[in-house]
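The letters A, B, C, D, E and F name the chains in turn, as written, and every chain counts its residues from 1.
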Amino acid sequence: MRTWICPGSFDPVTSGHLDIIKRAAGMCDKLIVAVGVNYKKKPFFSAEERKSMLEKATEDISNLEIVIFSGLLIDYAREKHAVAIVKGLRAVSDFEYELQMALLNKRLDESIETIFLMTNINYSFLSSRAVRELAANSGSIEGLVPDEVLEDIKRKFGKGGK
Amino acid sequence: MRTWICPGSFDPVTSGHLDIIKRAAGMCDKLIVAVGVNYKKKPFFSAEERKSMLEKATEDISNLEIVIFSGLLIDYAREKHAVAIVKGLRAVSDFEYELQMALLNKRLDESIETIFLMTNINYSFLSSRAVRELAANSGSIEGLVPDEVLEDIKRKFGKGGK
Amino acid sequence: MRTWICPGSFDPVTSGHLDIIKRAAGMCDKLIVAVGVNYKKKPFFSAEERKSMLEKATEDISNLEIVIFSGLLIDYAREKHAVAIVKGLRAVSDFEYELQMALLNKRLDESIETIFLMTNINYSFLSSRAVRELAANSGSIEGLVPDEVLEDIKRKFGKGGK
Amino acid sequence: MRTWICPGSFDPVTSGHLDIIKRAAGMCDKLIVAVGVNYKKKPFFSAEERKSMLEKATEDISNLEIVIFSGLLIDYAREKHAVAIVKGLRAVSDFEYELQMALLNKRLDESIETIFLMTNINYSFLSSRAVRELAANSGSIEGLVPDEVLEDIKRKFGKGGK
Amino acid sequence: MRTWICPGSFDPVTSGHLDIIKRAAGMCDKLIVAVGVNYKKKPFFSAEERKSMLEKATEDISNLEIVIFSGLLIDYAREKHAVAIVKGLRAVSDFEYELQMALLNKRLDESIETIFLMTNINYSFLSSRAVRELAANSGSIEGLVPDEVLEDIKRKFGKGGK
Amino acid sequence: MRTWICPGSFDPVTSGHLDIIKRAAGMCDKLIVAVGVNYKKKPFFSAEERKSMLEKATEDISNLEIVIFSGLLIDYAREKHAVAIVKGLRAVSDFEYELQMALLNKRLDESIETIFLMTNINYSFLSSRAVRELAANSGSIEGLVPDEVLEDIKRKFGKGGK
């Protein structure tokens, strides 16, 4: 069984993330979407909220497991018997950083591959940060995030979410 | 009337900013220089200080309005009937980021254009951050900022501005 | 009167070119679209064919002049009293090259500005070369070039255009 | 069955190509290595020579088919029922170009994915062109190309291959 | 006497740093390795710890002086009669930033050169930050840092170093 | 004795080249400027013309040798006992290509270093190709090439040099 793992902070999940997740899920037997907990960066949404939004947005994808993880991605990937890490690429800055991570991970475990998919052109400008900025300033985020989580995000920002 | 808007944090205004402002003002009927207030980033100079320095540096440009704004740039641009956002470009990292912002703003309001001007070659290495670093370490900033604001900046750093 | 000049080889004009031309024309009083003749690069379409296709594609834009030019762009811009050169930007490689040209042109004539517009996201992958490749291999170019020139391009390639 | 296709000119196959081919073959059910024939670029090795060298270098990989193709890659991929195009990425220039191709191919057939793998760090500087330059100037290419084709390449250049 | 200066935060020194230091030391008469103290960034290791680790790792290089400095690098370089600043380059992001710094320093003192060396290919993915991440998560850092400082780093992280 | 080698096609030498040569000569004991002869690219000026122009432009630099070379640079560098190859860097595209060459050369001979200097900001847009374009179109090249070779270049283009 080919298991791939798709890590991220998903703070919150965007339409761009969802597009990558769908396409990746279609190319492997099982896709693990791994919500990263980083002791150094404080996320806007809690790990549980981020996991819950991912679950709502991906209900119709069957070969998916959504998990929360901390520590080194490569250790977690090995533990889950994943053969590949899958990432979406948008622009050059992404590329540089992701190249470094891929090479580092290759050194830590040569048997685990890193696979890159191009972000859908319609979401090439999209990031979780942009979504948070818009939501915090009452800008419209419709279409930029999965419909299923639109209300969750608005509610959070409505509650003095800034 | 063609109104353009030139947003930035101008913390503080540099000779590079001034060059872009002058050139942009020469290409439209009215240029709004918009000093951004971002609730998440604490600037070194207050919004009022930044606006005041811009005013001193641009006294001889007639078709200019200098304002302080918060919230989404695209909303503010629409409110001011600006037809274009104008930005200076220096290097690739600028370009990547500005490309994302331009595409996002285009999605938020298709009628407002983003225009890029190349930073003057003599200021291609210059940033507000570099000015602050130099001033904080008693380095010379002459020529790197408009003459009119040189003393203001030195005074701020002299007062334990670090 | 603010005259801008939009140079290119337009070999052939694409939907991306047309988008930039329309947006640029909306921002100045007169836009000159200048089809470059370069003694060193042999184009696929003749200068006259390229000009004719541009004319068909831009019939509904009133403040437009389409011309053929050779020699230095900056000389031609000066001769036509253009205050700015306008270019579309797609990706980093574009940016690097265009930055060099803009700086060179600035040195040759400081009074003429170079203005960059971001290519529409839907055409960010599009180039005249890609269109020629597709057409030469019987791929569909519908939507990638203005409808008005679709037949012209197909006919050229049909006639053993390779 | 998941069929992937790995296109290239392989003029000649390098150790970097071979590394990508091995890793890609390990991630799908069948990998088609497609040697491109481009009517516009004259290769140094003939399509048959390039295919033959690939065959020698990949004898121990079982789920591989090596083919020669011309025309549009996306048409060929569809014909072979490939679900993905797989490419190696080295540097930013690669990335820019490959991004454009991936987006163009996505538009031509949305059902076919483009997958990127990072080139092995030890071959990040390696290209077919570099191999040809070295071989043409009697430089050592050992380790830069698969051992199985070393003699073929030397022989070609020895015969006044320049 | 040709004195070069190699600045950095070395938080902690990596195998990539050591490689650049060795190569730079071999190309000048005296190399000053300057551990920067930046009042704005809190390092993980103290300046003294960073200096001490550099000393252990470079014991066999004779023409080396390791110092702690604060303030402007260019002022310090001048004070030490250095004729050049030497830096390792890894990727494009490095390059952009380093280009800006080099141009700024050139403007501050035209007589002091900036020299760039390419990072060894085996360390092209390596950074102090990556080392800290690995160590904080009990990942192996062997080979990524000089053997002489391996225990120092592990001990620091063992002591609740996070 | 520290010998450095500065390779290029110098077709023709520009003010940017001269700036790099002067600065490099000041940092080593002997600088070899090596005019490359490439059997695959036809230069505009002959190797002898290019060497002769370099000689005129560098008459006041004493520790310089100007040579014509063909074949592999690394072989030639070794033959001349050079310890380093020195190159000027302008922009990202330069950087990518030069990085590949540096890594390839490092693999061919680990004992020879590649050193990069930043191109003077005033020449950051300058290339031999730009000079040829300007001269071919009767544009002014004053200041873009060393004064000593201005007439040589004009004469060549005047003689139907296109």
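FYI, a contact is a pair of C-beta atoms (placed from the backbone, for glycine too) under 8 Å apart; a residue touches a chain by one contact, two chains touch by 3 or more.
What you see is a predicted model; the values in this text were computed from it and never measured.
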For chain B placed onto chain E, the superposition rotation in degrees, Cα atoms, nearest 5: 120
Far-end chain from chain A, centres as C-alpha averages: F
Type of chain B:chain C copy interface by residue overlap (half), same or different: same
Chain pair, C-F or D-E, that carries the greater number of C-beta contacts: C-F
Euclidean distance of C-alpha centroids - chain C vs chain D, Å: 34
Chain C-chain E separation of Cα centroids, rounded to whole Å: 47
Centroid spacing, where centroids are CA-atom means, of chain B and chain F in whole angstrom: 39
Per-residue multi-chain contacts in chain B, two or more chains: 92-93, 96, 99, 102-103, 121, 124-125
Listing of all chain pairs that touch each other, if any do: A-B, A-C, A-D, A-E, B-C, B-E, B-F, C-D, C-F, D-E, D-F, E-F
Chain C residues touching chain D - in the complex, by the definition given at the top: 90-93, 124-127, 130, 133-134, 137-140, 162
Complex interface listing, chain C residues touching chain F: 39, 71-72, 74-75, 92-93, 96-97, 99-104, 107-108
Contacting residues of chain D [partner chain A, same complex]: 2, 23, 26-27, 83-84, 89, 92, 95-96, 99, 102-103, 106, 113-118, 121
Touch list for chain D against partner chain E, complex: 92, 121-122, 124-125
